[in-house]
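Below are structures written as structure tokens.
Two complexes come next, and they have one chain in common, chain A, joined by chain B in the first and chain C in the second.
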Partner chain A sequence: MQRFEFLGRFARNRGALVGAGLILVVALMAILAPVFFPTDPLRIVGLPELWPGEDSEFPLGTDSLGRDILAMIVHGARATLLIGLFASAVATIIGVGVGAIAGYFGGWVDEIAMRAAELFQTIPNLIFVLTIVVILGSTLSNIVIAIGIVSWTPIARMTRAEFLALRDREFVQACRSMGMSDFRIILTEILPNALPPVIVLSSLVVAGAILFESAVSFLGLGDPNVASWGRLVGDGRQLIRSSWYICAIPGIAIMITVLCLNLVGDGLNDALNPKLRDR
Partner chain B sequence: MTINVSRRVFGAGVLAVGVAGASRGAFAQGTPRRGGTLVATWGGGEPQACYVPAGGGSSPTFSSSKLFERLAKRNMDGSFEGVLAESWKPSADFKSYTVKVRKGVKFHDGKDMTVDDVVYSVSEIWKKYAVASALTDFAGIESPDADTVVFKYNNPTPEFFFASTLCSPVAYIVPKHVYAGSDPVTNPANNAPIATGPWKFKEWVRGSHFEYVKNENYWKKDEPYLDRLIIRYVRDPAGRAAAMEAGDIHIGVFNPVAPPDIKRLTGTGKFVATPKGYEEAVWSTTLECNMRNPIFAKREVRQAIFNAINRDFIAKTVYYGYARPGTSPIYSPNKEFFTADTFKTPFDPKKAAALLDAAGFPKKADGKRFTLNLLSAGWFPENGKVGAYVKQVLEDVGIGINLTVPDRPTSIKRIYTDYDFDLAISNQANPSEPVPSTTQYFTTDGILKGVPFRNASGYSNPDVDKLVDRIKVETDPAKRKALVVDFQKVITQEAPLLPLVELESITLASTKVQNHSNDPNFLAASWGDLWLAS
Partner chain C sequence: MSLLSLKDVRVQFNTSGGIVRAVNGVSLDLAVGETLGLVGESGCGKSTLGKAIMKLVPAAGGQILVEGVDIAPLSGEQLTDMRRKVQMIFQDPYGSLNPRSTVGRSVAQPLVLAGWKPDAIAERVETLLRWVGLPSDARQRYPHEFSGGQRQRIGIARALALSPKLIICDEPVSALDVSVRAQVINLLEDLKGQFGVSYLFISHDLSVVEHIADRVAVMYLGMLFEVGGRDQIWKSPQHPYTRALLAAAPIANPKLARARQRTVLQGELPSPLNPPPGCPFNSRCPMAQERCRAEKPVLRPLGNGAQAACHFV
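So, the complex of A and B:
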């Protein structure tokens, strides 16, 4: 019953519905990529710089080396979504952990945790990501870690604020007086109540992570063994005056995906905070 | 006017490279027009300092060569011409060279250039920094009188080698009164040089440009024709193309714009593109095997790697035809030493597979023979594309490849300091004289941990070392050439490092710019003779 209510509220936001639908398509594309294009998408298969439609074998054309852009877009969806989801997971785990501890315990623990968060916030995000990738080496997992490390601070601050608001409520005090351990109170009592806004924020981190990955790949620091949308944009940059479609096609893919993720985030916000919407 | 006494011509052939699609011509018409400001750029970034005593790569060579001068230069027809030297002559045993130094040359601060400056430059700058690896046999320099210096060597030194050393980029004559008693590497004058050239340093706006002004007291009475020379740095090739199109930049050397833009800009009729002016600095994209990996112990394995690669595809697709397949460690524009008669590793995947099978690396159950780390140096975007291609073709013959394309500092560290690669794609630029630029990639004494652009493969072969030692001291040009031909045959068969393609560097200039691309290393020429048509 409650679940249907949630879906109903989510569906009331038309944009969110469209966004969720398109994300589903991208996800299916990612899952079914090896079915449609069983060979390595980075293989050189045709003449270089074929325009979309010029050769029916390559509906979206080929890049400067003669690689099939459609195959790279479809396989790139995998890398893009994987990076988005995992980076968001890393950021959420770090952010919720730090924020919960800081908000619940307060005092010097809070001071240290928040000063650390501020330290991370003062470093420009993209430069920090690039630095970590350059030092650790440009593999997919390192890029995920790097994006996670720069994206956790807003989640930590949000979680901390929720915890500050909830930790002195009656139900928490009741738990405390019953002798429940701090760990259990955090995990089973406060966290479920603090989670809705965090989920919304995490969904936005997915979108942010995709943009970070695209920027890293665009600058040529992505994993060269993996097809990714950002890298395709970066490779096509040199040819923007003559073969602009090489940049444009993956650019549109990135734009649509990130827009959809933001719409889904809005929908989640409506669904999880119904009072906020009606106000 | 200039007097050019020394002209022992080695190889009379014209050094120009034949290229498809590039326009040719004299790039000069009528009498020079005086005055005006020329804005130039190049296909790279801003240098670390205006002048780097140890060379520091093409960027500081480009910025410093307009200010400083060398003792000699090479001409397009292959002849040598004195610049700050008037002539040079070997002794009968070829163990010393007497050089007449030009008189009446003043530094930009008004002080006379004397033999003391030459002695100081050679013994303190050349020997220690600029051309140290070419002066291993150097025994000292003396000045018997006020216009003569004598270079002394421990062993016989070929004339071509000696003249090439005088012509080396950054083998400059620096002012002793500015540099003596200081550490030349950190001397503040490196960022505001005082020298003898046609251009005087005015200012360096970091992140933007150098401004040089006409040297009114230049020893060549007519030069420079222009009043001002600006070297501007634009980070992005597309940005350079836009600036040239807008008329903000007149000339760009060393591939200033992306290949598709070359055609677009020359098509307007307002620009010319030429591959001339790089004959003494021919670039290549190379592939090297790390001999520290036991997989490469047999040379058949190394040959198989090259057999698996279609160099013609790389030249045509990655470089849009502005490259040609490499066949020898000495490049084809080198009229003195190049030979086509080398061991060939043509594109033949079947042969590559057969060689690998025979070498004891059959395909295993997973379809792979072994897996290698391929490092593509990220300083040129094309290297990453070559890496992607090489990965594909090697995987086709059953070699698993992990490709990485690190940025410039990481690439230099991993290839030349940590030796952290199995296969590396890098680049080199070589003059005609093979010693030491070319040979140090293959000799044991070229294995210098931490020194970039040396023998990183770790290839060490006493026969090659002996051969190079003979090339160093052979003073008969014909015999010397025969030795260099042997060297090319051995290296192409051994295949520790071979060029995949020789690159065609392109200069793009407005049709207004006259007298450009008239030096076999135009990027490092003084540019005193350039002028702008109205």
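So, the complex of A and C:
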């Protein structure tokens, strides 16, 4: 019953519907990549620098080494989406944990947690990601952790604000008066009420994470065994004056995906915070 | 032995403006099966006192005894035991229930925490909802599907879950429509008759307190001014503040209203950050004299079982 209401509110935002549709396409592409292109996408299959349409075997052309761009885009969707989702999950877990404890307990705990968050915010994000990746090594999981570490602060602030507003509500006092433990109150009573705006923010962090990963890969620090979209852009950058499509195609894929994720975030916001809709 | 015994209880809050003494030395006894009305203006500390008894705010001094046991040092098992005996009903029926929990889950919470078995919990919740007059399909529904009066019934069911001996009612009907108020008050009285539970009934609504309370305590700026039987307080209030408070209550009959003597208080409740020295009421009291500005009165017995804190009664 409540679930249908939620879907109805989400669907009323047309942009969100389009965004969700396209994300679904990208996700399907990622899941079905081995079906469409069973061989390694990083294998050389044809002449180098074939323009899109020049050879019907490679609809999106080939890159400087003669690899199929379409195959790399389809396989890249997998890496890019996984990095986005996992990095956002890391950021959400850290952010919700820190924010919940800071907001619920207040006082010096809050003080320490928020100063720590500020410390993280003062370091330029991209430089910080690059530093972590360089130190830990360019593997997929390290990149995910690095992006998570720089992206948790807004989630922590949002969660803290929600907890501050909820912790003195009477239903929380009722739980305390029954002798419920703090941990249980945080997890089972306050968190479900605090989560809707956090979910919206997390969906936006996915988009941000994809951009971070692209930047890292563009600078050549990405995982060398993974064909993410950012890496394709990076690989094509020497040829940008002659064969600009090598950069442009993965670039457009990144742009569309990030745009769609933002639209979905807006739609979630409408659906989860019904009091704010129709403004 | 009284069920609840307060001895010189103090609660204070440190704010940026200084220390607020919300409860400043309250001593009070509540007998088994008794309903004690705690009345006073907004901000006089009556809700804070209720929360201190629930250990929701820490007491800064004095003793709170439940069945003779000081609750301040309790923890773990003993604290759980105390919480089983004392429960609370909150003022705001919209805020006191988790909007994302079903009614069944909210009512079952104390039972879950007490370690009941799931089938025993289900049975108990059924019974509780019946006692407070809610349909049994209420348990799968969410609080927003209920009216204010019904939600307050849910809150009462939750408070009754573990058969407490004392229920602290923190303005339980002030957020309700007048038409619903009577129903909830009657429900509380019925439950008292059925289970022999005692109430500490905190309210600023004198007509409600007159209806439900056996004894009444009048509070002003963190201290008690007068404690006595309901009839004694209503018929012959001794403290000038009690008189003014009763005079401020509306009377339905205009002839009686015109005939009565009125003491109308001037000014506002002084800031609890900076209460006047001596008797905290001296800035508004029609009888105030030099002594009131110098010396703080203490609650002393008047002979007829009542107590008052004033130099001139």
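Definition applied: the second predicted complex is superposed on the first by the 278 of 279 C-alpha atoms of A that agree within 3 Å, B and C clash if a C-alpha of one lies under 4 Å from a C-alpha of the other, contacts with A are read in each partner's own complex, and residues count from 1 in each chain.
Operating definition for what follows: a contact is a pair of C-beta atoms (placed from the backbone, for glycine too) under 8 Å apart; a residue touches a chain by one contact, two chains touch by 3 or more.
All of these numbers come straight from a predicted model, not from anything done at the bench.
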item	value
Simultaneous placement of chain C and chain B on chain A, clash or fit	fit
Chain A residues touched by each partner, larger count belonging to chain B or chain C	B
Which superposed partner A:56 touches (first chain B, second chain C, both, neither)	neither
Contacts of A:137 with chain B and chain C, given as first, second, both or neither	first
Touching partner for A:122 - first (chain B), second (chain C), both, neither	neither
First (chain B), second (chain C), both or neither touched by A:189	second
Partner chain(s) touched by A:176 [first = chain B, second = chain C, both, neither]	second
Three-chain overlay, vertex chain A: chain B-chain C angle, C-alpha, nearest 10 degrees	140
Smallest separation of CA atoms, chain C relative to chain B, angstrom	49
Sites on chain C touched by chain A in the complex	51, 54-56, 79-80, 83, 87-88, 90-92, 95-101, 106, 109-110, 113, 155, 158
Contact footprint of chain B on chain A as seen in their complex	40, 42-44, 48, 64-66, 134, 137-138, 220-221, 224-225, 235, 237-243
List of chain A residues in touch with chain C within their complex	169-171, 173-180, 189, 192-193
Residue numbers on chain B that touch chain A, as the complex places them	237-238, 241, 258, 260-261, 264, 317-318, 376, 378, 381, 384-385, 387-389, 391-392, 395, 402-407, 410
